[in-house]
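First chain A sits with chain B, and in the next complex the same chain sits with chain C.
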Partner chain A sequence: MTPPAEVVHWMFATGFLFLGLCLLAETIVGREVWRRRSWRKYLWPGTAFLMGLLMWPVMVFFTSSAIHMLAHGVWAQTMMLAGAAQLALVRGKLRNPLWELTLPLALAVSGGAFLIHEQNPWLFSRAAFLHHALGWTALVGAVITLGLFARPRSPVFNTGFALVFLAFATLLFCDRNVAPIFGHLSPLAGAK
Partner chain B sequence: MKARAIAAAALVALALPTTALAHANLLERTPTYGSRLAVSPHAVSLRFDQGVDVFKDSIDVRSATGKVVTAGPAHAIDDKLIATVPLERLPKGAYTVRWHVTSNEGHVLYGVYTFGVRVVPPPPTKAYGAAGPTAFEYVVKWGYFLGLALLVGGLAFRLLVVGKRATPAVERRFYIVAALGVVGAIELGILGFLLTARDAFQLPLSRLVYGDLSPLAQGTRFGTAFIAMTLGFALVGTIVFLAWLTDRPVLLWPAFACGLIICSGLSLSGHSAVDVGSTWRSELADWVHLCAACIWIGGLVQLAFVVWPAAPTLRRDAFLRFSQLAAAVVGLMVLAGLYLAYVRLPQLSDLWNFHYGRILLLKSSLVVLALSWGALHHFVVRPRLLRGRGASSRALSRSLLGESAVAMAILLVVAVLVDANPPPRPAPQPTGAVPVARAPR
Partner chain C sequence: MDAELVRERARARTRHSRRNTAVSALGPLTALAGLIWALVQPYRVTLLDPDHGHGFWYLAIQPPLLVILVGAIFHFWVVPGLLADLEDVEERR
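Right after this comes the complex of A and B.
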């Protein structure tokens, strides 16, 4: 009774697209302009937190293997942690800037979960390729957010941070349950 | 130049395929999981989405008494997409299928499920050969109950005892304890689920990662409770977080209500719901018992670890109000507990003749100790506090910590009790189910 995995991936791709566009808009117009409407500062952290919350049903209903269940649980928790810390920081409930490090932590752990739970090589199928690409993108994102922690005003790091989520969205929208990647599809993955 | 070389090396590393291996997914089981067949099946077949290597012992099918009922070796058909094993003619009864296959690239997959011939089969947790729980599982379950108590009892204490008198220090500590409760319950709930799956699969955790958990998650009351409670905890955690973020303690009311509802997951999947003789009354009594215990123990922890060290000015009021709340919830807890003991142990001698009864005796002894401690607080300390004395006493602080420790010890005994089997009761009418043997622990 669960929807196909690709449909769930597209739903989350929509969330990442929105998140990335918000961050890109903030980078283009500048933080001061973006935050003239006070609700805007809660927009991307709130979206990340909500996406984490919505990941829990994915975790408990997609239990075809324990490692998939655990990976979805990791993503749910890291997104909620990063979103919650950012919400609390912009709200002023948390003041220690070290809480910003929850972002690189969340991206690093998420990337690790992607790479560990995908057991097939890059060109096994499109889904395998995307999992590898998503994992490495998240790890690159972790490095970018570390840079952002050191230089919060840097346009390069801010743009890079937004592009990480746009890359997530693109990769997730490309997902199909059984599809080739660059003409490759392993017979084990369903190629006839 | 050096930087370019590092970048080039990184690109090459990214482009190389990983050495990780492919793994197949199980698409279909024949007979299906949980099916009640009218006639004996000829074979057990498993269809995968990728080709698999099948060995002659890849599919093991056993009766409820452990007798092997396969009529030949397992083998692969249909381009190795199906693993199958022929069966003897099966008499009426429940059967357990344990399988393992290797994907063409070397990955081993595992699974377990049950079906019945003219009977309803047991869940995988009660399949032939399922074992456990272990001491580690008891500790995990204890932590889970403690998390539930910290969350539900903490919310009750914050709303019904502290109310609008909360100081910033109390508020901060309360949210830390509540967050510990939510996170602990979620993490330990997941771990407990995996440990139960390990018991059913009879595999170490390291090899369980490619186990198909769907029969356990979606075909048992335990799995349904896991799904509902995990989602519930995520929701409660979100509401508590929003209450903290927006400084709106009123949001804690819906969180408390959700917490009470979550408790029903345990009542609807435990002894009170599945054992012979269970009724809606036993489920309701179990839920009341659990909620009352959570409010009592969680409240006690809040009093000892939150109010006492963080708000000396609030001690007297909090103690007096909690004393009233505790009297009410402990009364409910004892009444519901007595009813459940009556339902599960029809004979008084069951208390010492059965393992379950002996654990219940131990739990009751600890409860009596905790209640005596509470009575001392209620009848000796409370009047002194009403006269304005003793709120700063170190002895009282230590006494509260001691009572909290006893309450937490009770939860450990409860963790053992919920996995023990109550004395068997005759079924009111034949259900067609057959008793399922369990491997010796």
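Right after this comes the complex of A and C.
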């Protein structure tokens, strides 16, 4: 009853899409309005923590090599760290703004994990292409969140942060187990 | 002085109305994107061909329908409260 890998990616994409819409709405209305209800205040950090938690079963059931498993494990840990730090900052348990840096760290590690464990070139298959694209998107996200750390109220960085999640969702929805990318599919990847 | 106050309030209302429109449009635009995707790639909607031998997961998780669902949930669950809070904050200013 384990879902196929592509279906897992689509489920994560659904979560990212919802989160991206919420972050975009927060940018439009402003943090003051968004945080007037507590469930909205905790939505983003809570989801980040949950996604880190869900990355563990992904690591256990869907990784096919040691490097794949290690990448997902490191990724799970940094996502949980960022989510927990954000939760504590919102709650007021943590006061040092340097904890905000766990977010660019999580995105940089996620991007690195994508790029390091994908050992095939961009046009090897659609999955390889998406790993590269997602990795670079996460690294761009890390730069954006560093900007957000320096200028938390900047509409450009806040919009960029939301768009990173919408880009994640789009790329994950494009994932298939075996499929060509721009007409390319290596015979080693399963082309007939 | 009064005229200046009226102009300032009118500007604030316009700003508010633009934010209101932008937030209200997010859900329908997302659902529209899902609908267009379903029309462009109907084979991604396995419900249209349930006898084809698709397993449980492929019948339960259909990307274009998920996009439409997210748009609808966002529009009907998140947006109403957000708009109420936005109006409240704008009125206090």
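Everything below uses one rule, namely that the second predicted complex is superposed on the first by the 189 of 192 C-alpha atoms of A that agree within 3 Å, B and C clash if a C-alpha of one lies under 4 Å from a C-alpha of the other, contacts with A are read in each partner's own complex, and residues count from 1 in each chain.
Everything below uses one rule, namely that contacts are C-beta pairs under 8 Å (C-beta built on N, C-alpha and C of every residue); 3 or more make two chains touch, one makes a residue touch a chain.
Since we're looking at a predicted model, the values are computed, not measured.
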Notebook entry, point to check: Do chain B and chain C fit side by side on chain A after the overlay, or clash?
Noted result: fit
Next item on the list: Please work out whether A:W99 is in contact with chain B alone, chain C alone, both, or neither, and reply first, second, both or neither.
Entry: neither
Notebook entry, point to check: First (chain B), second (chain C), both or neither: which does A:T14 touch?
Noted result: second
Note to self: Contacts for A:S64 in the overlay, against chain B (first) and chain C (second): which applies, first, second, both or neither?
What the structure shows: first
Next item on the list: With chain A at the apex, figure out the C-alpha centre angle toward chain B and chain C and round it to a multiple of 10 degrees.
Entry: 140
Item checked: Partner with the higher number of touched chain A residues, chain C or chain B -> B
Next item on the list: Please work out how little space separates the C-alpha atoms of chain B and chain C at their nearest point after superposition, in whole Å.
Entry: 20
Next item on the list: Under the touch definition given earlier, write down the residues of chain A that touch chain B in their complex.
Entry: 49, 53, 56-57, 59-61, 63-67, 69-70, 73, 76-77, 80, 84, 87-88, 91, 93, 115, 118-124, 132, 136, 186-190
Checklist line | Parts of chain A lying in touch with chain C, wherever the complex brings them together | finding: 1, 3-4, 7, 10-11, 13-14, 17-18, 21-22, 24-25, 28-29, 32-34, 36-37, 40, 173
Next item on the list: State the interface residues of chain C toward chain A in the complex, per the touch definition above.
Entry: 19, 22-23, 26-27, 30, 56-58, 61, 63, 66-67, 69-71, 73-74, 78-79, 81-82, 85-86, 88-89
Margin query: For a test of understanding, state which residues of chain B touch chain A in their complex under the given definition.
Written below: 14-15, 17-26, 49-51, 103-105, 107, 109, 186, 190, 194, 197, 208-214, 216-218, 226-227, 230-231, 234-235, 237-238, 241, 244-246
